[in-house]
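Next up: the structures, one after another.
What follows is a pair of complexes built around subunit A, which joins subunit B in one and subunit C in the other.
Up next is the complex of A and B:
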C-alpha cells in the first residue's frame, strides 16, 4: 500500500516537474507565436520582395525566362531613358506642386473652422471635405474624366457661362499635369485638414489668451503660436503628402494614361508599363528602387526633423 | 459689421463644401439618366430611369465584382485585426528578448511602398500559383500599421487587470479574448474601417494579379467598364455610384471613428 502511495507521489512530482518545464518553455515562446502570423506576412510581402527587388534590378529579367546578371547596366541606362527622365521629372513636379498647396489649404481651413463658433455649417464642411477622401482614386478619376470632358460637361458649362474659353483639361500637354495635381489636392485636402483640426484642439486656449493680453493680433497668433506649435503635425502632413504624391498611379491610369505625349507619365505608371507592356521586369525594378530611395530619404529626413523637434516639448 | 463678415464666411464655406460634393451629386444624377453622349446632359431631374442599374446588374459581371470586393475586404479585415492585435498584445504586455527590436523592425516595413514591392510580389505569387486567386488578393492586406495601432491601445490597459486575471488562473489566450479584446474595441473599429476602405479602394495590385473575371474586384471591374463604355456615361456612373456607396454608408455611420483613424494614421511611416 505504502509502496503504491510513494510511487504515485514520485510520479506526481515528476509530472509536475515536467509540466512546469513545459509551461515555462510555452510561456517563453508564446509571445513569438503571437507575433509569428503577421511576422510571416510582413516578411514575405515586404521584406523578401524588397530584397528581391534589389537583386533583380541588377539583372535582365522578363519574369518568364531566368534572370541574367548584368551588373549596374540597368541603373546606367536610366539616364538615357527619356520616359524615365520624364516620369521622374513629372513625379517631382507633381510632388513639389501638390504638397505645399494642399498643406497650406488644409492648415488654413482647419484654423478657420476651429476658430469659428460651433455650428452645423462647420460640421457640414468637415463632412463634405471628407467625402472625396473615402472614395477610391479610380472612382475620382472616372468622375472627373466625365466632369471635365466635353463642351457641355458641368465645369465647361460654368466656363462658357462666365465667358471664358473652355480649356482642354486633360488633352493639353501644358494643362494635363496641373489638372491632375488639382484633382489630387481636391481629394486629399480633407484628410490633412482633419489631422490639423485634431492637432489644433490640443493647443491650450490659455496661450492665445495671454498673447491677446500682450497685444497680439490674429496674424501674430497664427505665426507665433499656431504654426510653431503645429510643427510636428506639419512635418507629418508634408511627409505623408510627399509619399502619396510620389506613388501616384490610379489617377493617371484612368484619366490620361501618361499622355498626352509623356506630359503626365509618373514613375509608378512607368514601372507598370515596363513590366506588363514591355516585359522588362529587371529594369523596372531599377526604376522602382529609385522611387524607394526617394521615399527612404524623405522618411529619414522626417524622422530627423521630428527627433530634433521633440526637444521643444 | 460682424454679422456681414459672418455671412460672407458662411457663403465661402458653403461654396467650398459644394466644390467637394458636386462631382458626386453629378455622378448620382447621371447614373439615373440615359446619356449616350457627353452633349445631352443637364442638371434637370426629368427622364429619371433605373435602366443603367438594370443593365449593369443584368448584363455585366458587376454584382460578381461587388461580392469579390466584399469578400476580399472582409477577409482582409478579419486577418489584419486578429493578427495585429495578437502581435500588439505580445509587444505591449509581454517581456521577451528582442521585443523592442522586433517591433522597430516591423514598423520599418511601413516605409516600403507597395508600389515598389509589387513586381517581386507578383513573381512570388506566380511561383506559388496564386495569380487569379483570393490568396494573392487577401494575404498582402495586413500592414505593420495595425500592429502599431493595437500595441498603442493595449499599452493603455492596466497591468493589474491582466495580472489579477492570471492569478485567478486565466490562460493567456483567454486573457486576450475576454479582457484585452473588449477593452480595445475602439481601436479595433478604427483598424476595421481603415483596412476595409483600403482594401475596397485598392486598384493597382488587384489589376496586376487578376487576369480573369472570376476573382476581379470592383475597382478593376469599374476601370474596365470605364474603358468599354466610353460614351455611355450613365452606365459608368451607375457603376461608380455602386462602388462608392458601401464606403460612404460606413463613413456616415462611423464618422467619429473615421476621424480618429485619420489622426492616428498620421503616425504611420
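Up next is the complex of A and C:
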C-alpha cells in the first residue's frame, strides 16, 4: 500500500514538473508567436530578396533561363558603364538638391501654419499642400508634362505674358533635372509639413512664453527653441527624404524617361531598364546592390545621430 | 481565453500570409481543360469588342475557351518577360521586331517554319519580313503603316515650291519656311517639326531609320555580329539632322521636349510647320479628324543615295509554353484569315496582310501601299536590338541637344553595341 502511495506521489511530482516545463516553454515562446506573421513577411519580402539579389549580382541572368556564375564581372563593369555613372551622379545631385530644400520649406510652412490662428486660409493652405502627396506620381508626371511642354502650356503662357522667354523645361539637358527636382519638392513638402506640424504641437507653449518674458523675438524663438527641439524630427525628415530621393523612379519614368540623353537617368530607372527592357537582371542587381549600400550607409548614419540625440522636452 | 484567441488570430494571419505567397494551381486544374490565352496590344481604339465575335467563331468550332487580354503599350515587353518567367504567359502573343531576339534566344517563341504550308507562304504578303534569325517566329498581323513625310500644301504654295524629292529640296524648303510671320522677333513658322523628346527609342523609327536608309546606310552588318550605323552613311545622316537643328535652325526649340506625335498635334496640325514625319495612319486618324482645314499632302520617302522609310511588321507568335501547339497555331490562322481580318479592318482600316483580303484602308494611302512596297520596310531583327536602339536613341538625343558632335554620338553608340554583341561570340 505504501509502495502504491509513493509511486503515485512520484507520478504526481513528475506531472507537475512536466506542466511547469510546458508553461515555461509556452511563456517563453509567446512573444515569438506574436511576431511570427510579420517575421514571415519580412523574411519573404525583404531578407530573402536581398540575399537573392546579392547572389544574382554575381551571375549573368536574364530572368528566364538559369543564371550563370560570372564572379565580380558585373561589379567590375559598373565603373565602365557610362549610363550607370550618369545615373549615380544624377541620383546624388537629385538627393542633395531636393532634401535640404524640401525640409526647409516643410519646416517654414509648418511653423507658419501652427503660429496662425485657426482660419479658413490656414485650412486651405494645409489642404492644398497635402493634395500632391496623395496624388499618384504617374498622374503627376502626365499632368506636369502637359503643364510644362510646348508654347501653349499654362506655365509657358504665363512666362510669355510677363515678357519672359519660355524655358525648355524638360527638353534642355541642364534644366530637365532641376525641373524634376522642383516637381518632387512640390509633391513631398506637404507630407513632411504634416510631420513637422505634429512635432511642433508637442513643444510646450510655456517655453515660448518664458523666452518672450526674457525679451526674445520671433527669430530667437525659431532658432533657439523651435529648431533645436525639432532636431529628432528633422533627422527623420532628412533621412526619409534621402531614401525617397535615392529611389526616384516614377516621376522620371513618366516625364522624361531619363532623357534628353542621360541627363535625368536615375539609378532605379536604370535598374528598371536593365531588368525589364534589356533582361540583364544579374547586372541590374549589381546596380541595385550599390544603391542598397548607399541607403544602408545613410540609415546607419541616421541611427547613430538619433542615438546621440538627447533632446527632451 | 484571451491568449487562446490571440493565438488563433495569429494562426489565421500566418496561414493567410502563406496562402498569399502560394500559387493558384489548384484553382486552375478545376477549370475547363481546353483554354487558350491571347495577348494583343491595342491596335485600334477599342479592339476587344471587334475581336470577340471573331474569337467566338473559333471557340464554337473547336470547343475551346479563349481569354483575350489587351495589354497596354506602356510596359508591353516587360509584361511578357515577367509573365513568361513566371510561367503565366499567353498561348498566342504579339511581338514587334525589337522584342523578338531576346524571346527567340530564350526559346519562348516557336519557329513556325514546319507549320506553314506552301499555300500559306504564298498567301501571307509579309512572310519574307517574318524570316528572322534562321526561322519564321511570327506571322504579320499589323503592317504597311509606313512613316511618311507630311507637307503643308499652303506653305509650299506660298513659297512657290513643289513637294520635295531630294534631301537638298527638303532642306531648301525647310529653310525658306522657317520665319517670323507676325514680326514679333520670334520664329513662329518652322521648317520641320521633328520631335526628339520621346522617353522611348520608338521615335528612331521616323527620325533615324528612314534617313539612314536614304543615305545608303544600315544598322547592322550582314553577319549581325557588329553594327555599321557609324560608317560614312550613318555620319552623313547624323550630320544632316544636326545641321537642320543647329546650322539651318529649322527644327523648333521645343523639339527636345516633345515626341513626333506631339509635334504633329501641336505644330504641324495647327499649320505652324512646313514638314513633319510620322505614321501614314495619322492622316486619317489625327489630321483629318482634328485639323479638318489643314491642306496637307505626303510623300513616302525623300531620295538621297537610295529611298527608304520605316514600316513595322508586327506579328502574332506561337508561344513555346502553350500546351496545345496545333490548336494555338490553328487559332493564329483563324485570326489572320481573310475573313477575320476583313472584319477587323472594317473597324480599324489598314492594308491587307494576305493576298485574299480586300483593301479597306485610307483611300489616300492605297497607291502608296500597293506601289511602294520595298521603299517602306521593317527593321532587320538582330541581337540586342532593344539595348542597341535605346543607347543609340540617347546618344542621338545628346547630339540634338548640342552636347556632342555627330561622330562622337555615333561612335559611342557603336562601341556600346559592338561590345554587347561581342559578349555573345
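Everything that follows uses one rule, which is that the second predicted complex is superposed on the first by the 269 of 313 C-alpha atoms of A that agree within 3 Å, B and C clash if a C-alpha of one lies under 4 Å from a C-alpha of the other, contacts with A are read in each partner's own complex, and residues count from 1 in each chain.
Following the convention adopted for this analysis, a contact is a pair of C-beta atoms (placed from the backbone, for glycine too) under 8 Å apart; a residue touches a chain by one contact, two chains touch by 3 or more.
Because the structure is a prediction, the values reported are computed rather than measured.
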item	value
Partner chain in contact with A:100 - subunit B first, subunit C second, else both or neither	neither
Touching partner for A:137 - first (subunit B), second (subunit C), both, neither	first
Subunit B versus subunit C as contact partner of A:262, first or second or both or neither	second
Touching partner for A:63 - first (subunit B), second (subunit C), both, neither	both
Touching partner for A:30 - first (subunit B), second (subunit C), both, neither	both
Partner chain in contact with A:41 - subunit B first, subunit C second, else both or neither	both
Subunit B versus subunit C as contact partner of A:278, first or second or both or neither	second
Touched partner set for A:195, first subunit B, second subunit C, both or neither	first
Touched partner set for A:204, first subunit B, second subunit C, both or neither	neither
Greater residue coverage of subunit A in the superposed arrangement, subunit B or subunit C	B
Set of subunit A residues, in rising order, touched by both subunit B and subunit C	30, 34, 37, 41, 44, 63, 149-152, 253, 276
List of subunit C residues in touch with subunit A within their complex	3, 6-7, 10, 13-14, 17-18, 21, 75, 77-78, 81-82, 84-85, 102, 106-108, 196-200, 253-258, 262, 266, 386-387, 390-391, 394-395, 397-398, 400-401, 403, 412
Interfacial residue positions of subunit A with respect to subunit C in the complex	30, 33-34, 36-37, 40-41, 44, 62-65, 82-83, 148-152, 168-173, 253, 255-262, 273, 276-280
In the complex with subunit B, residue positions of subunit A that touch it	28, 30-32, 34-35, 37-39, 41-42, 44-50, 52-53, 56, 63, 109, 112-113, 116, 121-122, 124-125, 127-139, 142-147, 149-154, 186, 190-191, 194-195, 198, 233, 236-237, 239-240, 243, 246-247, 249-250, 253-254, 268, 271-272, 275-276, 281, 284-285, 288-289, 291-292, 295-296, 299, 302
Residues of subunit B that touch subunit A when the two form their complex	9-10, 13-14, 16-24, 26-27, 30, 38-43, 82-84, 86-87, 89-91, 94, 96, 99, 102, 106, 109, 111-113, 115-124, 126, 139-140, 142-144, 146-147, 172, 197, 200-204, 208, 219, 222-223, 226, 233, 236-237, 240, 243-244, 247-248, 251, 255, 258-259, 262-263, 266-269
